[in-house]
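Next up: some structures, all given as structure tokens.
Common to both upcoming complexes is subunit A, partnered first by subunit B, then by subunit C.
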Partner chain A sequence: MSLSEHTTCSSLPADPVAADALIGIPRQQTNPSRWQGEQWAEFVRSLREQGIEIREARADTGIYVTDAGGLAYGMPHGVVLARSTEQIAALMKAAQMFAVPVTVRGGGLTTEGESVAFGGILLDMTGMSRVLHVDREALIVRTQAGIFWHLLAEVLRRDGLDYISAPLNLSSSVGGTLGVGGIDVNSSKYGCSADQAISLQVVTPTGEIVECSDDENSELFERIILGYGQFGIITEASLHIRPYTPLRMHYFYYAALKPCVEDLLMLDASQACDYTGILTMMDSAITLLVAFDSDEREAEFMAQVKPKLRGYGELMFALHLAVSFSWRPWKWKEALFLLRRKRELFPDLQPAQHMQDGRMLDRTVVFSRAVWKHWGDRHMVIPDLATSRDKFVQAVERGNAVCRKYFPYYTLYCVGIRLRDDHRAHYELSSIPADAEGWAYGCEFEPMYNGVEYSRDRLQSFKNEIYDVGVELETSYYRFGGMMKGYIRRALGDAVVEKHLQLKRQADPAMILNRDVIF
Partner chain B sequence: MRSVDVVIVGASLAAAAAAKRLVDAGLETVIVEKQQLPRHKICSGILSPRGHRFLLENFGPLPRKVLHDPTACRGVTFHFPSMVSMSMDFFGGTTPHLHRKYADHWAIEQSGAEVMDDTSFLAQTQFEDHVVVTARKRGGEAFELKARYLIGADGPVSPVLRSLYPDYHKQIPMFFVGQKFHEIIDCPLDEEYFHFWFHPDLGHYTWSHARDGRQIVGVGYKIGDKFHDRHLHVAKYFEEKHGVRLKPADDDHEGCAENFGPSLINRYVFGKGRVLITGQATGFLNMIGEGMSCALHSGAIAGESVVDAMLRNRPVQEVYRQNIASEVRRTTDQWNPLQIAFARPHEADFPKALAALPMGDRIKVLRDIWSFLKLYKEFKWGRQIAAISMQRLLRGDYSQKNWM
Partner chain C sequence: MKSYSDCYGCSLCLLSCPVWLQRRDVRFSAQGYAKAMQHGADADAMAKVLPACIQCGACDVLCPEKIGLTAWIGEEVQKAQPAGVVRDGYVADCFDLSCAPAVRQGLRVDDLYIIDACVFHSNHAKRVGHYESLRQHTGCSMNLDLNRMAIPTGIGSLSVRLQCFDVRKQIEWLMQGRSVQRIIVENPADQALLAEMTGKPVLHVSELIEYELNRSSTKDA
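Presenting the complex of A and B:
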């Protein structure tokens, strides 16, 4: 995209510094100014008259001061705990009238401050977290949208059922995830979590309650799915579900990124596995995870595909590492790190409780607990890149080089996302790179802090540098870690963003719902 | 006595960044500024690309009025006594030429903090869970503010720092930098670049660049010399050696004291107890005197540290010192010869520009730099720089031992 194009079709003001300032990376304000509270008192009075509770004490608002990313800070003027669709509709009507910003929050697992309120109302959706109906025949669940996935899994498990795919963590909500994407280790087979939505109950920014799906109010449905809460608040969702199966897990170990990533691409194309993903401990100690829903699938894989993989088994890999470390004494610190990691992490996954005969009984909690305890800190910094198959190896290697520059230890997490041709319209404002066919690939780059504290500023620079790789490779962002407002125009192009901005202005005249997330 | 969460002294860029973090987190923040806003600040105004990003991301699009003309700077040109010149472009493209008077005021306004201008900080007293700050509005009575934390973002001669360590400024070398503005008759120096001279006869810090149709001639030296003599000497050199023909200087010349040095030898001052020092007051100054980006970043870190300390109920100094380590590493790296040679700590590539010169010129440049550095011999920094360079090499980081 040339610079003149940028200035002609974007509603962003041109930077008066120079056309070539900050080459290639037009910047936007990503830490928005705090809303100053105009008409707040009248707004609160109006809501209280309707019996809607607003919490204004600092002890209540302070809980929401940041998100999982811990880089953006913002205080709401008041908090509303979601109770019912009608309550939310009334809230939105008043908010439109008094032009008070409303920020919706599910689990608050965003990492770029999208679920942080820079003033105005913070609507906490976790108050609406009941499962409403399970249809065992049609394999559909109807649930309130503030529910966390692992709670949903618990309820479904009673009937021998399971959700199809969800983020690997303990507190992302259904509503928050449908707006973001949701990637699991089976996304290369089923697509993202948002692909599992059949129909949604939505409160629009002007306070109407609307049911939408591919057949009913389909335009709204297209905007809500993967729409980052711009076009409405999801209050209920009907989702595809499936029979519960334990997982047959296998791990393969690699000493270099490239062969491992290539094997992942090969596996997904072969469609021989039900779950695939890469998790690195270091860029010389990489795990390729594969798993199966049935013994037949597992056996088929072992016979036909496994011989083609270049990874080692655990024992062989340990030997390989031992040999390679033995003549590199300057790398012994890394060896110790790996040993420590193995000693601390694996018991913590509590295999005795969820593994039986080599099968994993509960993937929801296993992966999730590990994510929080061993990767997270109060700053979950997980910038990512999403590319087509062709660019993926390059993206992983370049992102890895950035990680190495910033942190001694970090993890890469790579998965494929099966694209659904019939859902192209859903993806319009999403992370799916335009040149991706069949699958998109995401790699997430996550520092491990190891007790060291980093400033927000430093972590932000790290993220920027990863995102800059995306700009250079002309690709997109998997948005695992957030919307990255400063990059969204680069990834999607001005035309798409401007189109959605127009739609947003129509749907939300006061521009109050989840502002500053994209536009 | 009015009670607030945080008082910041100085309505500078460091203050704006700190205030932004504090106000965002819902803390009541008051900025006390000695001068009336918008206030004048002597500065070349060349913001690094990193600082430019920071402004855009935190305060939004830059209005035109916060820029001088030319609005952008492409890079830096070094000139040497052997008459070799080398230009280096900033990595990120061109970068803003800030008009500090309006840029600082704009950033302060965008931060959303309350400002008391024309009001000087006088003193502070610390108690267990708060600080009492004494200030005076020009022509008025002294008054007191009670705050949970105090942030000194009050520049190189920081009165807040002095209130903690009365002798500090006597212990470090202070320099004078001054600039005069000339109408241009003919100036062959490329106006897209900031020009800097590595010339021991011209002084410790000699620079020139274009601004709003005039040419700036700037000189820096150890406090004690005469500004006008120094300036005349440099202007004459520019004319003789570079063919820079300028009219006599206009009347609006200016100068100030600078605390140049602490970031070279990793001796920063971060404060005591509930009082934090940030921006140039701590000693943050990048090589070639670029101090705005580290003022912004250290200011933001001071602000976020206060937020962290409050929310997690931890001692603020501990949080601040942990958070600031990366900024220290970055700034001190810029003076570390090993880093300069091998790790590109700057936002322009000196080793590459050097390598692009013919071999003969390369040798001249290195020799000229060496004789320029001898000018700084009296401060006895050499051994300290060598020591911290080794420290960085072996431990991967700088020690916090000498911080105050």
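Presenting the complex of A and C:
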């Protein structure tokens, strides 16, 4: 029986081992085959002759054995700590010559092993993490790309300044974020973090050092931004920044997902808020977060937009829940969980040392610490979906159904991402869905383990089922770039992937830079 | 009791680690120490990196696993040192002094108040609210970072005596972007070098109290 005949009488696709043939196969891309080390000795000798340190001791390489996802494990043959652009250029030239894979890592906050090296070189970019220049007048910062956003904020705050938008995670790096997008609770106003980049210094896969921006080497800039590290290594970045402002926060509570998501869409379209987002405790206790940079914006919202929201205040919502649970004793366990959750979580969302006169001083620290403490676990399992406005309610509801199937307790985090028409080309092979106009919307789905140990297989299977929803809805994914290689053809189509694969082959002849992430 | 084997590499300890901030090399951080041990580092390998730690204790507070690496590092560093190297001396706890009304009255907007990091971090949960309130009430600057960990000077630590930590570089970072007229310290060991490097008057907190009490009594008289 030929393969085509086999295909017609079974559920197997035309080519069962093609990149687009992984439906239903869990754990793809978590342990791709390890590079076998051909020409390693010559490669190392070449680098050492140029004065580049390579760490090969197990105690040094073991630091990078996994990523935040904690489901993929791999060891590099050696580690290079980034120290200068020239050093990285020399590394890439030698890597091309000897065909040695190079995996670049910033904060290591990937979830499918994208920043784990399965052999070859692990390039640790955190060695290049200093702020180079702050232009207080033009509100632009030039920084080395291995810097954590948290550290960038730390430096900028000394001058009363702040970054514009960054992931709510203390140890995300600037370079890694620009390569995947980056969302914040103000992304519905300012766009993703990658859209804050003005220009970049990049080391290409063949070792050239190139400055790029919308005006200079713009094609490279398009490929690097949201390019999953395929077309170069960002060594320095110039970013828009802004004056620092504390937040005025408000929370509204909902008992169902749909009205809450619809209100989020309405708020973003109205542009009445500076920060918006949804965070759930369960799908019967959903919080819509809104915040403002100024008293004026807050007052305007309270007068004109707040009456349109369908959410409750804290007291009214507590009463609503009490009534709802009182005649359903089989749901009392859930009620107790919500009560406990509220008691533990709410103080951490407004800790006294980060509040002043009712305003939140350090949103990233507060939210990030709450995330680390109250969500997730050793395995950062956060599959996500990104859609157009029109598909968002459906994506959230279907993702929520998957969560319910796998876990008794979980949380959803939703935000809007303002799109820039002039950056359409940046978004082509990215987390931004092709059909999104004006805004894209992202939802993360995260299990809460609550002391229960889940197997690696179960967690990976959960993630894949969320990704399958994305494929079925013909949409995308965002932030950590969860789906990657196993799904990208099904999500974005052969034409787009082939186009970028050709570009990749031209830019990276030995296909060594961050391989197996997408291509 | 959790140990280094419980570290899963979240990197949160790096964010307030003064040694990592100087070196930008994860091997010189609590995470790096723990990961190296998990992957079989022997005593010789650890002896190359552990002495850099100034044992300020910030990582103990930030670690979501509550591993408590500082005590372990202290023991290991001490074991690795040749006979005659003296352990870090006891630093008087000035928390009670910082609670004196005279401190609240005496601190000014253009003062920098330097909390003693080691003592503060070992009592962080109980004390962070007090210092933040003091900062907000008086408007003074403090050596608190965005995580509300105290940026240590490192002065007097064993690591400095072993020339593994650059105190001057640390003070440059501490002072970066700050415009202050006076510095108040809890640890008297900080006074001399801070005065030399900044050219500003540096008072111990007890001197601030004394100054403020004298000023009040003169005013009353």
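The definition used in the following text is that the second predicted complex is superposed on the first by the 482 of 519 C-alpha atoms of A that agree within 3 Å, B and C clash if a C-alpha of one lies under 4 Å from a C-alpha of the other, contacts with A are read in each partner's own complex, and residues count from 1 in each chain.
Throughout what follows, a residue touches a chain if its C-beta (ideal position, glycine included) is under 8 Å from a C-beta of that chain, and two chains touch if they have at least 3 such contacts.
Nothing here was measured: the structure is a model prediction, and the numbers come from that model.
Chemist: Would you sort A:431 into first (subunit B), second (subunit C), both or neither based on which partner it touches?
Modeler: neither
Chemist: If we overlay the two complexes on their shared chain A, which of subunit B and subunit C does A:170 touch? Say first, second, both or neither.
Modeler: So A:170 only meets subunit C here.
Chemist: Let me test your reading of the model: by the given contact rule, A:411 touches which partner, first (subunit B), second (subunit C), both or neither?
Modeler: A:411 contacts neither subunit B nor subunit C.
Chemist: Quick check on the superposed pair: does A:217 touch subunit B, subunit C, both, or neither? Answer first, second, both or neither.
Modeler: So A:217 meets neither subunit B nor subunit C here.
Chemist: So, A:81: does it touch subunit B (first), subunit C (second), both, or neither?
Modeler: Once the two structures are laid over each other on A, A:81 reaches subunit C alone.
Chemist: Just subunit B (first), just subunit C (second), both, or neither: which does A:486 touch?
Modeler: The first partner, subunit B, only.
Chemist: Using the touch definition from the top, say if A:196 reaches subunit B (first), subunit C (second), both or neither.
Modeler: After superposition on chain A, A:196 lies in contact with neither partner.
Chemist: Quick one: is A:476 in contact with subunit B, with subunit C, with both, or with neither? Answer first, second, both or neither.
Modeler: A:476: touches no partner chain.
Chemist: Kindly classify A:356 by the partners it touches after superposition: subunit B alone (first), subunit C alone (second), both, or neither?
Modeler: Only subunit C; A:356 stays clear of subunit B.
Chemist: Go through subunit A and flag every residue that touches subunit B in one model and subunit C in the other.
Modeler: Touching subunit B in the first complex and subunit C in the second, residues 58, 61-62, 65 of subunit A appear in both lists.
Chemist: Quick one: which bits of subunit A touch subunit B in the complex? Just the residue numbers, please.
Modeler: 12-13, 15-18, 20-25, 27-31, 33-34, 36, 58, 61-62, 65, 72-75, 118, 453-458, 460-461, 464, 486
Chemist: Which subunit C residues qualify as touching subunit A in the complex?
Modeler: Residues 8-12, 14-15, 21, 24-27, 31-32, 35-41, 45, 64, 128-129, 132-133, 136, 145-148, 176-178 of subunit C touch subunit A in their complex.
Chemist: Which of the residues in subunit B come into contact with subunit A in the complex?
Modeler: The touching residues are 20-21, 23-26, 49-50, 52-53, 56-64, 67, 71-72, 92-97, 110, 112, 297, 300-301, 304, 307, 311, 322-327.
Chemist: Subunit C touches which residues of subunit A in the complex?
Modeler: Against subunit C, subunit A makes touches at 57-63, 65-66, 68, 70, 81, 107-108, 124, 126-130, 146, 148, 150-151, 153-155, 157-159, 170-171, 352-354, 356, 362, 364-365, 372-373, 378.
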